[in-house]
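Quick one: the structure is below, and I'll ask about it shortly.
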Amino acid sequence: MPAPFVTLITDFGGHDPYVGIMKSRLQARLADVPIVDLTHAITPFRPEEAGFWLWRSAPQFPPGTVHVAVVDPGVGTARSLVAVRAARQLFVAPDNGLLGLVWQGSAPAEAVRVTSEALARLGLSATSATFHGRDLIAPLGAELAAGRCRFEELGPAVTPEPGRLKPAAERERVIDGVIAAIDRYGNLLSTVEASTLKTLRAPQITYKGRRFPMVNTYGEARNGTCVALVNSFGVLEIACSCGNAAETLEAEWGTPLQAVEGSMELNAGANQL
Amino acid sequence: MPAPFVTLITDFGGHDPYVGIMKSRLQARLADVPIVDLTHAITPFRPEEAGFWLWRSAPQFPPGTVHVAVVDPGVGTARSLVAVRAARQLFVAPDNGLLGLVWQGSAPAEAVRVTSEALARLGLSATSATFHGRDLIAPLGAELAAGRCRFEELGPAVTPEPGRLKPAAERERVIDGVIAAIDRYGNLLSTVEASTLKTLRAPQITYKGRRFPMVNTYGEARNGTCVALVNSFGVLEIACSCGNAAETLEAEWGTPLQAVEGSMELNAGANQL
Amino acid sequence: MPAPFVTLITDFGGHDPYVGIMKSRLQARLADVPIVDLTHAITPFRPEEAGFWLWRSAPQFPPGTVHVAVVDPGVGTARSLVAVRAARQLFVAPDNGLLGLVWQGSAPAEAVRVTSEALARLGLSATSATFHGRDLIAPLGAELAAGRCRFEELGPAVTPEPGRLKPAAERERVIDGVIAAIDRYGNLLSTVEASTLKTLRAPQITYKGRRFPMVNTYGEARNGTCVALVNSFGVLEIACSCGNAAETLEAEWGTPLQAVEGSMELNAGANQL
C-alpha cells in the first residue's frame, strides 16, 4: 500500500529550481501520493532545525507517511544516509544530526545506515557530488513510499548522529529546554513538550533572565507584551501579541530557556550562558 | 459534485511548516480537488489585504470554487468564523474584516456565522488555541468543497465585520479609492474597479498630490516613469515601468488615491491626509 | 499522449496571487499532468536568468516535458511569443532573450513565432494587457502538453532573440564564461559546461583576478574558502564551503569568469572589466 503522504523539508529556499527538480524525481516514481512541502526555508547548515520541525510535525500525519529531509552541508563527503522508523512513519536524511531529535524524542525508534549496496539494488547512485537530495534521498523516499523497498533492507542498525538539539531535560521542579526554531512571526518555539510541562504546578517560563506568564492563546496578552503558551505543535513557545518576540527579546536559536514551578524563586544565575 | 478548486490565502509565509500542515488536512479530506495557493505572504495582522486579493481573484475561478482564508491574529479568542457565498463560490475565514470587501463588493452575497454545533456535526473541534486554520478552517473548507456539508447548515445569517477596506466610493466626477495591495514589483493596486472608472471621461489619477496619466500597459511608459492603468485583476494600478512605484512614491498600504475627470482642476487639498 | 511534466519558471515571486492564478489556468486544462515549479524568484526584468535555469534544468526532465516561462517586462507591447523545440521537449516564452541560451545551447533546436491566428484557433486571446502569462502563455503550454495542438502549427520559423547570455566560448586553452545565476547559498553558477571543461588539462578557474582550485564537492574545501567545481546542473560553479561566495567575492550577475589550463600563466588583465 503506498504511503498516504510524502513530506519534504530542506534548506533549499525558493530562490532556485532545486526544490522543483527534487520533487519531479519524487513524482516520477510516485503516481498518486500527495507531496507536502513542510518548509524549504531551514537555515542553511543547520540540520537540527529541520529535525525539530520533523519531530513536531510527524505526529500530525497518518501512519505510513514518509518524510524526506535534506540539509546536507557534507554532501559528497563520507557522511552516511540514515533512515529512522518511529510511530509507524519513516524518515530519510543525511546522518548529520538532522534526525537526532526525532530519534531521541520518539522512542521506541529504529534506525539504519543506508548502504550503497541497498541504493544500488534500487538503481540509485549519485550522478553528482553535490545534490544527493535529488540523486539519492528523494528517490529512496519515493521507493519507500511506494512500498517497493523495506526499511529493514536498507542497511545495518545504527544510532543516528545526535546533533545539537536534545529533548528537554527534567530535573526537580525545573525543565531545561532550548529555542529550537524561530518562526515567521518571531515566535520562539522550544524543545519543552506540553506533556513534560504538565509535571510542574503553575509553571512559569524564564528566558534570558526574564520571566513570562503562561496564557492559553495569543489574544490573551496585551498587544506588544510577551507571554508563554503551549502552541499548536505541542511545545512551549514564547510569543509577543501582535509583535515579534524574537526581535523584542533579541532571541537566538539554540539558547536555553527554563520552565520552573511558580512557587520557586527564580535563580537568575541559571540563565547566564 | 466536488469543487473544481480550493484556494488558500494566509499570512503564514513560507518560513515554517504551517502551510504544509494545513494543506495536508485539506488533502486528507479531498481526494482529487486541486488546491491553489493564492499567496501565503499576506502582511501579518492585516486580514483586509487577503480579502482584497480574494475579491479580485475569485472571479478568475469557476463556480463552485471554495476559498479558504486565514489571517487570524485573534485566534483562540471570541472572534467567530464566517462563511460567505457570492457568485456561486464559497469563502471561509475568521470574521475579523477579512471578508468585508468580498461581502460588500460582490452583491448579492450571503453570509453565515459558523457555529460550534455545525463544526461538531462535522467532527471538528479546536485541538489547539492557536491554529484554527489547521483545526477548523481548512477542514471546514474541505467538507464544503467535497459537498459533505451545505452552506445553509453552518449557522445563522450575519453581516461580516467590514474591516478597513471598502469598495471605492463614487461622487460627482471623482472616485475615491485606497491602495489595497503593493505587489512584488512595487505596483500599487487600488480598490478602484475598471467598471467604475469607465464612468469618468478621460480619467486622470492622483496620489499623494501627484497626477498620473492612464496607459494600457507597462511598456507604454518611459523607463522609470510612473503611470496608471487598469491591471489584469480589473482594478486601477499605479506602476513604474521597469521600476518600483512603491519605492519611488513612498507609497503606503491603505492610503487614498483618486480618479478624476481629465477636465477637472486637481484639488490639491483633496489628497492631504 | 499528455506530457509527463509541465514546468513553470517566472519572476512573479511568492508575494502575490500571480503564480496561483496562472497555475489554475494550467490545471483547468490539464487533468493529470504534474506541474513543477522550477522557481518564481527570477530577478525581475532579467529573462536570461530564467533561460539559464531552463537550459540546465530541461535535461533533467523526460522527453515530452513542456516548459512555460514568463519573465515579461514587455507584456502588452509588440514583443512576440516564441516556442522552441529541442531534445524532444517544448519551451514557450516571450521572445525577449529568455530562450536565447536554450536555443543556442541545445542544437539542433527549432523555433517558431506564435501567431495570433494560432492562439485564436485555440480560443486564446489576451483579456488583459499586463498578464499574458495567465491569458496566453500558460494556456498555450497546457494545450501543447495535452497534445491538443502541435508545435508546427503555432507559426513561422524564427530565430529567437539571443538575449544577454551566450554559451561559453572556447579559444585555445581558455574558456570564457559568465556568472549566469547566483543561488540561495551564494554559489556562482556559470555558463561553462562540464563537457567543455573536459577539453582543458588540469583546469583552473579565474574570477575577478583571483584563481580558484577545482574540487569535487563542497566538503573538500576548508570552511570559508572559495573553490570551483562542476555542480549538479553540469556547469562550473564557484562556491565557499559553509560560506557565501557571492558576498565574499562581491560577485555580480553577468560578469565574466575563465577556465584556463593549469600550466598557463594567469593573464590578470583578462579579468579586468
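Residue numbering begins at 1 within each chain, and the chains themselves are lettered A, B and C in the order written.
Please note the rule applied: contacts are C-beta pairs under 8 Å (C-beta built on N, C-alpha and C of every residue); 3 or more make two chains touch, one makes a residue touch a chain.
Predicted, not measured: the structure shown is a model, and the values here were computed from it.
Contacts between chains leave no pair untouched here, as each chain touches all the others.
Two copies of one chain, chain B and chain C, touch each other, and the residues they use overlap weakly: the shared fraction of interface numbers falls below half. Matching the C-alpha atoms of chain A with those of chain B calls for a turn of 120 degrees, to the nearest 5.
Each chain gets one centre point, the mean of its Cα atoms, and the points for chain B and chain C are 33 Å apart. Listed for chain C are residues 14, each touching two or more other chains.
Of all the residues in chain C, the ones that touch chain B in their complex are 12-21, 23-24, 27-28, 44-45, 73-77, 127-131, 134-135. Interface of chain C with chain A (complex): residues 4-5, 7, 9, 14, 34, 36-41, 53, 57, 60-62, 181, 183-185, 216-220, 229, 231-232, 242.
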